[in-house]
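Next, two complexes with chain A in common: one pairs it with chain B, the other with chain C.
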Partner chain A sequence: MKITEQITDNITIINLDGRLDAHTCESVEAFFREKMENGQYKFVMNMENVEFIDSAGLRVVLVVARDLRNKHKGDLHFALLQPAVSRVFEISGLNNVLYIYNNSENAVQGFSS
Partner chain B sequence: MQLSYDFPADTSVLEKIGKLVIQIGQKAGFNDVEISDLQLVLVEVCTNAIVHGLKNDSEKNFQVIFDWETGKIEIFVHEAGEPFDPLSLKDPNIAVPLDKRQSSGYGLYFLHKLMDEADFRIGKDGVKTWRILKRKKIEETKDTP
Partner chain C sequence: MQIKFWGARGSIATPLTNTELTAKIQAAVKRSINVELSTDKKVSEFVKNLPVHIRQTVGGETACIEIRTDRCLLILDAGTGIRRLGMDLLDRFAGQPIDAHILMTHTHWDHISGIPFFVPGMNPDNHFTFYSPFDDLKERLKLQQRYEYFPAPLPATYKFVRLKEQKTLKIGDLSIQTLPLNHPSGSYSYRIDSNDTSVVYATDSEYQNLSVESMKPFIDFFQNAELLIFDAQYTMLENIEKENWGHSNVFTGIDMALKAGVKKLAFIHHEPAYDDEKLWDILQKAREYLKINKPESKLELDLAVEGLTITL
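Let's turn to the complex of A and B:
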């Protein structure tokens, strides 16, 4: 899993490239935890290059989003879900409790609305 | 047609297993959604075998057998590690808000939701076997005037 980041208006855009599964989820969660320790609480997860997510990956996005909202008044927004990933979000009902946008710009603007 | 593979108990093999599902799914005539459903469930079953059964011990192997024909794929996963009961997990309640969501149990939920048949058994020799089966949906054809 390749992870890069950029910061716009105090919002951190995380670009993931690879599969979000039991093999990679620990590194992704560790990345978020490190940013949170540094005081970053508003994130956009750009999923354009993530073609697969399993329950281990779902657990990470669920617990990170929950911690950001409940403990830090922040949030995790999602952008550009690919079809297989979007289907997993829908089947698990996470599409009803997480903010999902069609591009990163809208996901960033979502923090203002 | 049948193919059998032995994999070490290391989560790095999950990507390769996913690619095998794509290849076999295409040969069996499945569409992209059916293939991604099957990939998701097989990865969940194999992750269980690697993490809970074989405790990430890459010296140990588990076996995956693909048996397919056009329109039907049946997969067996055999593993002889630590005893555990994957059926003991409750399905998550997906209707509750985020702060009440359980963070585990989705793997088995996907299995129940997306496969046509799935069963689990433990043999007398302690070998645990998952069997999952998916059939291609018959696509409805629209009547033309």
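Let's turn to the complex of A and C:
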């Protein structure tokens, strides 16, 4: 899993590249925890290069989004879900509680609307 | 090896309501309009082809599973489902003494509350031995039948054996191992191996850290099981909302079963708030998840439904 980031207007866009699963969930969560400690609470997760998500991946994005919302009045928005990942979000009900956008710009915009 | 589910509901017994029954009848009648049903055969054919959530119910009895081999009778948990199992045993044994081994995962009500109503237990000619890693299982079960709660005490003929983790128990042709799970006040998984097959019962467990390393002890314990019976009480979202309540979901179950090379996965401990339609919808979604994430997999998924028998 490769993780890169860029910050615009106090919002951190995170680009993931790889599978979000039992092998990578811990490093992804640790990445977010570190950012939170540095006072970053608004994130956009660019999922363009994530072709696979399993229960470990689903759990980690839910836990991070929950903590950002409940503890820091922040959030985690999603952009550019691949079809398989998008369907897994639907099946598991994540699309009912997370904000999902068709591109990063809209996901960033989502924080001001 | 034959496995029969006598109770599959979690938390509390959940009988079908009249509203739910009426809805099932209405849905069936609606589908019968313009169908030619002039013979009994045509009627049963029609019923057989109804969607499963209309023609069946997952049932409301709580945890109880019977495992039968040529030489052994094993019972997993003693929720309300054990009452009907008791009646069935009386029929089957027709006066011959019954000898059964009862493995207890833990002592939450939904896993013990059938014991006072287990009629064969009242006959001292029958032999029932309870197993668990708890050192005070007998005291706990005696408490349940204190006079304030039930008119008859726990039968004095019941035997109790304390199991040790990482030690194999032999009963007849079966080898039994146990593993602690993550559940309020503790719960234990059981792995039962015969010469040619294996079943793992892993109910009442929450998995919070899903990393490869944290899951290894469970994956090892489930390794190559022919059948895994897995607690899937919650949806993915509920698992986060109800953190530390001690249950799991179908997606985690599928991923664990895939890693462990399990052949069949049966979801159990069904949420009392969910009706049949919702529960079979969850199964449908579980199947779609498997198809998306591992299309080549031959893992079979099913709901543990009251009365379902699986032959391994």
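As a convention for this text, the second predicted complex is superposed on the first by the 113 of 113 C-alpha atoms of A that agree within 3 Å, B and C clash if a C-alpha of one lies under 4 Å from a C-alpha of the other, contacts with A are read in each partner's own complex, and residues count from 1 in each chain.
Just so we're on the same page, a contact is a pair of C-beta atoms (placed from the backbone, for glycine too) under 8 Å apart; a residue touches a chain by one contact, two chains touch by 3 or more.
These numbers were taken from a predicted model, which means no experiment stands behind them.
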Since both structures carry chain A, what do chain B and chain C do when superposed there: clash or fit? clash
Should A:Ala56 be classified as contacting the first partner (chain B), the second (chain C), both, or neither? both
So in the superposed three-chain picture, is A:Ala30 touching just chain B, just chain C, both, or none of them (first/second/both/neither)? neither
Going by the contact rule set out at the top, does A:Leu98 touch chain B (first), chain C (second), both, or neither? first
Please work out whether A:Ile7 is in contact with chain B alone, chain C alone, both, or neither, and reply first, second, both or neither. neither
Pick one for A:Ala84: touches chain B only (first), chain C only (second), both, or neither. both
Is A:Arg19 touching the first partner chain B, the second partner chain C, both, or neither of them? first
For A:Arg69, using the defined touch cut-off, is the partner it touches chain B, chain C, both, or neither? Pick first, second, both or neither. first
Can you tell which stretch of chain C bumps into chain B once we superpose, 92-100, 128-136, 254-262 or 272-280? 254-262
Both partners, chain B and chain C, contact chain A at residues 22-23, 52, 54-56, 58-59, 62-63, 66, 84, 87-88, 91-93, 97
Per the contact definition, I'd like the list of chain A residues that touch chain C in the complex. 22-23, 25-26, 52, 54-56, 58-60, 62-63, 66, 84, 87-88, 91-94, 96-97
Of all residues in chain C, which touch chain A in the complex? 209-212, 215, 235-237, 239-240, 249, 251-252, 254-255, 259, 285, 288-289, 292-293
Of all residues in chain A, those that touch chain B in their complex: 19, 21-23, 52, 54-56, 58-59, 62-63, 65-66, 69-70, 83-84, 87-88, 91-93, 97-98
Of all residues in chain B, which touch chain A in the complex? 11-12, 14-15, 18, 32-33, 36-37, 39-40, 43-44, 47, 50-51, 92, 94-95, 97-99, 101, 103-107, 109-110, 113-114
